[in-house]
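Paired with subunit B in one complex and with subunit C in the other, subunit A is shared by the two complexes that follow.
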Partner chain A sequence: MGKYIGESVLRKEDPRMVTGEAKYLDDIKIPGMLYAVVKRSDYAHAKIKNIDTSEATKMPGVLGVWTGKDFEDVNPMPCAWQAGGITNNANTPRVLEIDKVTFTGQGIAVVVAEDRNLAEDACSKINVEYEELPVVVSAEDAIKPGAPQLHENAPNNICMEWECGNEDGTDKALSNSDVVVKEQLVNQRLIPNSMEPRGAIAEYKSATEEFTVWLTSQAPHVHRLLATAFVFGIPETKMRVIAPHVGGGFGCKIFLYPEYCLVIALAKKIGRPIKWMETRSENFQATTHGRDHSTQIQVGASNDGTITSLKVNTVANLGGTLSTIAPGIPTTLYGRLLSGTYKFPNIYCGVKGVYTNTGMVDAYRGAGRPEATYVVERALDLVANKLGMDVVDVRKKNFIQKDQFPYTPADGITKGLEYDSGDYEKPLNKALEMFNYTQFREEQKKSRSEGKYLGVGFSTYIEACGVAPSAWVGVGGEGWGAGLWESANIRVHLTGKVVVTTGSSPHGQGTETTMAQIAADELGLPFDDVDVQYNDTLGTPFGYGTYGSRSAAVGGTAVFNAVQKVKQKALRIGAHMLEASADDVVYEDGKVSVKGSPDQAKTIQEIAGAAALGYSLPEGDEPFLDETAYFDPPNTTWPFGTHICVVEIEEETGSVKVKKYLAVDDVGNVVNPMVVDGQIHGGIAQGVAQALWESGEYNESGELMSGSLIDYAIPRTDCLPNLELDRTVTPSPTNPLGVKGVGETGTIASTPAVVNAVIDALAPFGVTNLNMPLTSQKIWNVIQKKGG
Partner chain B sequence: MKISMKVNGVDYENDIEPRTLLVQYLRETLDLTGTNIGCDTSQCGACTIHVNGEAVKSCTMLAVQADGATITTIEGLANDGELHPVQKAFCENHGLQCGYCTPGMIMASVDMLKNNPNPTEEEIRHGLEGNFCRCTGYHNIVKSVKAAAVSMKGGA
Partner chain C sequence: MYAAEFDYVRASSIEEAISLKAENDDSSLLAGGHSLIPAMKLRLSTPQKLIDISGLDQLKKISKNGSHISIGSLCTHKQCAESEIIQSNCPALSDAASVIGDPHVRTKGTIGGALAHSDPQADYPGATLALNATFVAKGPSGERTIEVDDYFIGLWETALGEGELLTEIRIAINSMNANSCYVKFPQPASRYPYVGCGVSLSSNNGTCSDIRVGFSGVGEWAFRDSGVESTLKGQPLNDSTIASAADKAAEGKTVLNDHFVSEEYRRAMSKVYAKRAMMQLS
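Moving on, here comes the complex of A and B:
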């Protein structure tokens, strides 16, 4: 490839972030700005009988106190991804709830004051009278007869029932299998905890009826669309949404939250700019959570380890109300991934999406795919265990072979999508070379005799990135209420400097750098001559934003395609300047030259200058090099790889130490290896954390027990080992860059590798399954019960 | 209440409410917004600065407690436009992604390296355990600090 693609170019983003110059939402101050603080429900399920705001209103510095009744004219938040082809009993939050709350921490009133402290003081003086209702927090309990009912339109608390695959065929195959393993797998609730919590600032200009809104957002165009067209019923053009520097998202900043719209509504009501910034405690309660599946699996296999059938029944907890794309996560992004890297001939997946009195559950890094990978990779180990076979042998036996691509999984579970490209043994073999498996098994045996418990776990996963095409995922298909293409505009200014604008909305992924690499290489210009602008609906083409590991494969390709258009025009203008025919010139290394006479050339800077001046252009051409491309991929991309985790368990305490973590990922071509590895590191940390430490826990009355960084154990520096990474490269045929996407890979792959390792270590105690998180207490109990 | 302190080499004197946290004073009164806030339980370390040369979580202190102190924040770390070796090392080793934890992480690292100019990997991991990062998995943060230690020795 070129000079920059494939190189670890240092990030354009970093200098402003290491100096404190980067402005995050809470760093923005607007003259006259007020502060909003939200009063949140103290109960998980209750009727709101009365809200007494009189004392709060009289507090110093208070501009006013409002409740849900003051916003009856504001529509509820939209649910923009309802599971495709079926009825979804949707219930979404309002800016402030009016009559009833369905989880602790829902907004019910708001104070606006001159400063944050005064607003908080006043908020504590709001008196709410509730009528408590019975509470249900587990999704399995919520669908039992007699359970408390949350919403009138959702009998038995069921939002939707979705399925894919062939149930009869799978049942038949199960009954004909030599062995069948049944297990209950719990994928516990996680709380994303981007280090920057959520916030919003809104300003309203009454003369023009225009809003400017700053949001902690992964998708400013989507936020604008949903807020204007669905919540407020105003023209999209009357709102500008800016995502300033965003301090991480991991999914939780995709969604249109009630507080965002509340601040917008208040800015108009009061006529002054308003900021709202949540505290970490509020973030725990009111920002979306992830995962929370309870799953029954049945996996059938022949005695030789060939898997014949996989049946999966999942109850997915969606929380008290639906977040923006909640129903799409445990359906499309989960069920359609259940063939993993394996040629399972029979598959069925049934999902119930359920309301409970808990915080909203939506996409969290990986979103559905980690849950699917967990099921598949645990299933492989369960079968190996049952048959007394090696876990690597069982994987190899069931792998889709490299000559089978493009591969369509059985029973239509991908609904027509095919795996684009793959060679699953390659990363596995590479990882085994790096690891020395045979030697490990010997060490393991030896260490057991010394009272030490070592275990190894594998995850030979697949995932899906840049989910597409729009027609497949959209309303007529999977139910996503929009498209999933991405946009890019390229302008080559008179000076030869390039501005790329993109509808992607990076917030830590380094996309500013990788897109500049793509544009610089393709144009043949220095990297520093390319500026990438994003995160503002003013000045960027409409785009869907950054999530689902889509910014390289979809957004990056839009950049690539826009550059091709620029080059086409540059060829015409260059030929005109060289007095040659457009068929006789070529574009190479930033120059248009006459074929065979490289000396007769015009640089892209000269051409850009001529195009910008417009003094002499080819017949029919307009001035300026300015092109936009919208890329709708023909398929999702399908990265894969092998993760190996080695753990050691201390018998006396049950504590797990990750001794070694090794990952060989195949994410297609790599634009910036440093950035790609960084994504994998971060993803692995979150996946390991799910396996061992993190869990969003509610007590029976619906109070969040893991509601702070003290009680919810995100990994610290000293929790993780050094990570060993390598890669294989199987380009994706779905885009000209051959990239697949990497943002979620680490999270998707790692969790089952760690759990498989712990179960392997505990084999002497007869353990075949344990549910996450595998805390020392849980393991200690197991050792006490079964050991000795 | 009147307080005075020297922040990044500049003397300030302000009248503030006694309950103002040091981090609030820096961010809201002095508009030094490079120091971030990531939690309300003194866990995350995003707000780490130097007070009289020692790393401190600035959300754990009232501004009045820092009356008379000399303070350095991330904005004051570079010298005449020349990045501090730790800042440089974070850029060169991809020690940051979203950058939200980064000011605190860098301030904590600078302090750690002052007390232990030649830390082992374990000492780095232990030394930074009060600073959370959700993006990097810490791998490249550790690498950055190691690289900074080497370059600072070379420079000294």
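Moving on, here comes the complex of A and C:
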């Protein structure tokens, strides 16, 4: 395409990261700054009878202690994505809870002191009197008769009941199928654990009534909008939100959290800047979690392996209160993906979103799509197993064929969206070539006779990225309370140096680099002449931020489109400088030249200079090359691919070793292969971790048992083999770059590949399903039970 | 988390550390800090004074001392893992040191700190039980030695007196200790052992003449397993005798049962890892 796109250009972000010059939120200190520490509930479900702050208030260095009653005038957090077209019995957190808590770790009081240690000391002196209430932590238990009730407006703890597809048709197809497999699949709770926890700093200037707020944020414009318009009722122009360097998010930094608004309110109350930075322990309890589905599936098939029907009923645990976009995750981003890469003729999905006495659940890398992929890819294996067929044959038999694109899945489950482009056999065949499947099956047979248990698992997944067409996803559609377009502004300064500003808000993805590659190539300028600026509502156009694998497909396209506008103007000014007609000039390699006379040319630097000076411009043109584009995607993009995992199980201990992992992904055109591979590497690690190790677990009284890195098993590099990656390239017709998005691919694809591999390895023990995480103890138990 | 307020003093000699400890009721000795500091940050431990002994260089040496190896209590796990003296004379100890935590922990954490802290989930206890180690403690009333069999006496509890400082770990130089190992089944998050098993074994013409087996991570504190030892002692070393001995692992012992790992599984894994350790040495 150009000089930079498609190349592994080194990341612009890295020098400041590796030298430590990058400043994160906790590095920021403002003169006069105070520190806030939040007192959190010790119980999962309790009435707050009394909070005694008298001792804490008297502690040295303490400016004050506040409770929920002091913030009764502050609105609760908004739930900005309620499931579309249905009633959502929404209950959202307040800056501090007032009468009642619904999960352990909810904020109930705050201490502000001159330094962090003093605030912590004082916080430990707050005495809270609770009246304990009965607790329910599992969503399935919460909807049973007689379960403890969390919220008055949500009978049986149900927030919403959502469905898609055709239930009658699917039931009929199931009853007419040669075989039906029923299974319960659990997609356990995960805790994101971005390397940097959450934090906020707020400063208020009374003379201008303006706030400056630093947040660990994936979406500063969205945070500003929600905080000002929905929580405080002030103009959004009175608040500047800055996301400094952000140490990862995986979704959990999209949301407007109570503590963010608490710090904003306190800054005004006290009149001094205030910092709040959570500890890792608080991060475990109070930052959003992900997944937590319990799902009944029924899948019908003909004897030849053709799948006739898929019925899915999911109970989704949303936690004690709703986080910002919680209801959208187990509905739109889940149910609408349940056709996978397959031409299932009948599909139905019913979802109950349920309150429990657990931490809030919201988007976590993949957000709904890993859960859907898990259901579909496990279903394929269950059918193959039932029919005694090969898992690859069943996949190929049911694939949507490459001449069927654009493809619309059955029963309207995508609600009008069509799969943009694909060739699902291509990455599968490529992966099979890399792997030598036939030889593996022989080796597997042989090793079983020697007491070694090898297994292989496939995931031939699809995902929806580049979220999303605004009208489709928005109010009146899927219920997202805004748009999902993205913005970019390009300014070419007098010397020809370029500044791109974007509403995307990268926090580790490398988007600063990839956007510069796009702009540099399109303008025909050196890569180093392009700066990309972001993460500050002052100076960037409004945009929706970075999540949902959208910053290349949507944000990158906005950059591309803004460059086209710049080039149009450059053509007019260049023609004017060359005393040619605008119709007679072309823009190539950073120059405007007269068609057929490449020597008669003006460089973009010369044109930018002329535009910036404004001495002589074409009639009707304004000075400066400065253009903004807003790109609203016509569709999501639909990446796909094949992941293959090989495991070996140790019979004596039940331990799983990942012996081999290979992935052939098709994410459309690739802007920067190194960045893309990096995203896939990290995603696979997280997805494998869900299959084998990670699990957010509460005990019956609602205490988080996996509340620290001592108990919550994040993988380390020695847990994984060298990942073998390759790709096929099927450009997306959805955007001019042909990119599909890659940020979530690894987590979406990998989890079922690993689980399928473990189940395959355990076949001699009669195992057909096990729920994650597949710990050594769990596997040892089934080996013991079923005998060798 | 943030620790509660505390005072800090740096000791410049062993004697000063001992007298500081005697003068301050509510004080803790700080060596590598890799157990104490996290406990303080969680406010599980709230000493009023920390006595930093990490500058006492005389406690950082590993040497051969006549009939035994002398390991200064402030030697880091990394030192213990990489020491050729330890590797060749008591490999169970270097095995254990090399699988503690991660490189950060191994670079800062010390053997004396770990053994004085006596976390039931720590690795050294199982290895030192197998090696029949001797601990040297100094206190206000002078120096004494404590045999390992008398050292681990309870959950987080050792035979060290309140004012005593663990200065040295001694391990006898003999063929049995030279034929030792420590194997570990780590918990995937913390990498503390679900089961850690140290074994030292001597044999004569293919018959086990002596064996010591120590377990970490299995019970509320580390223990020696006489059931396994007596079953193998005097027997010819082969797969079948080792399996029979391993089958006795943790028999009659209280075994931990927590949210993540059942007692049944820990017992079963104790047998597996005892077998592996004994197989490795036979």
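To be clear about the criterion, the second predicted complex is superposed on the first by the 788 of 788 C-alpha atoms of A that agree within 3 Å, B and C clash if a C-alpha of one lies under 4 Å from a C-alpha of the other, contacts with A are read in each partner's own complex, and residues count from 1 in each chain.
The criterion applied here is as follows: a residue touches a chain if its C-beta (ideal position, glycine included) is under 8 Å from a C-beta of that chain, and two chains touch if they have at least 3 such contacts.
A quick note: this is a predicted structure, and the numbers were derived from the prediction, not measured.
Enquirer: Classify the contacts of A:N117 with the two partner chains as first (subunit B alone), second (subunit C alone), both, or neither.
Expert: both
Enquirer: Applying the touch criterion given at the start, work out whether A:N176 contacts subunit B, subunit C, both or neither, answering first, second, both or neither.
Expert: Neither partner.
Enquirer: Applying the document's definition of touch, where does A:Q404 land relative to subunit B and subunit C: first, second, both, or neither?
Expert: A:Q404 contacts neither subunit B nor subunit C.
Enquirer: Should A:I714 be classified as contacting the first partner (subunit B), the second (subunit C), both, or neither?
Expert: both
Enquirer: Figure out whether A:V18 sits in contact with subunit B (first) or subunit C (second), or with both, or with neither.
Expert: Only subunit B is touched by A:V18; subunit C is not.
Enquirer: For A:T279, decide between first (touching subunit B), second (touching subunit C), both and neither.
Expert: The answer is both, since A:T279 touches subunit B and subunit C.
Enquirer: Determine where on subunit A the residues touched by subunit B overlap those touched by subunit C, and list them.
Expert: 117, 279, 281, 709-710, 714, 716
Enquirer: Enumerate the contact residues on subunit A facing subunit B in the complex.
Expert: Subunit A residues touching subunit B: 8, 10-11, 13-15, 17-24, 26-27, 29, 117, 193-197, 245-248, 250, 279-281, 507-510, 674-675, 677-678, 681-686, 708-710, 714-718, 720, 722-723, 746.
Enquirer: For subunit C, which residues are in contact with subunit A within the complex?
Expert: 1-2, 4-5, 42-43, 102, 185, 187-190, 192, 259-262, 265, 268-269, 272
Enquirer: Along subunit A, where are the residues that touch subunit C in the complex?
Expert: Interface residues on the subunit A side: 116-117, 120-121, 124, 279, 281, 652-653, 655, 692-693, 697, 699, 705-706, 709-714, 716, 719, 775, 777, 780-781.
Enquirer: Where on subunit B does subunit A make contact in their complex?
Expert: Per the stated touch rule, the residues are 17, 19, 27, 31-41, 43-44, 46, 73-75, 77-78, 83, 87, 90-92, 94, 96-103, 106, 121-122, 124-126, 128-129, 131-142.
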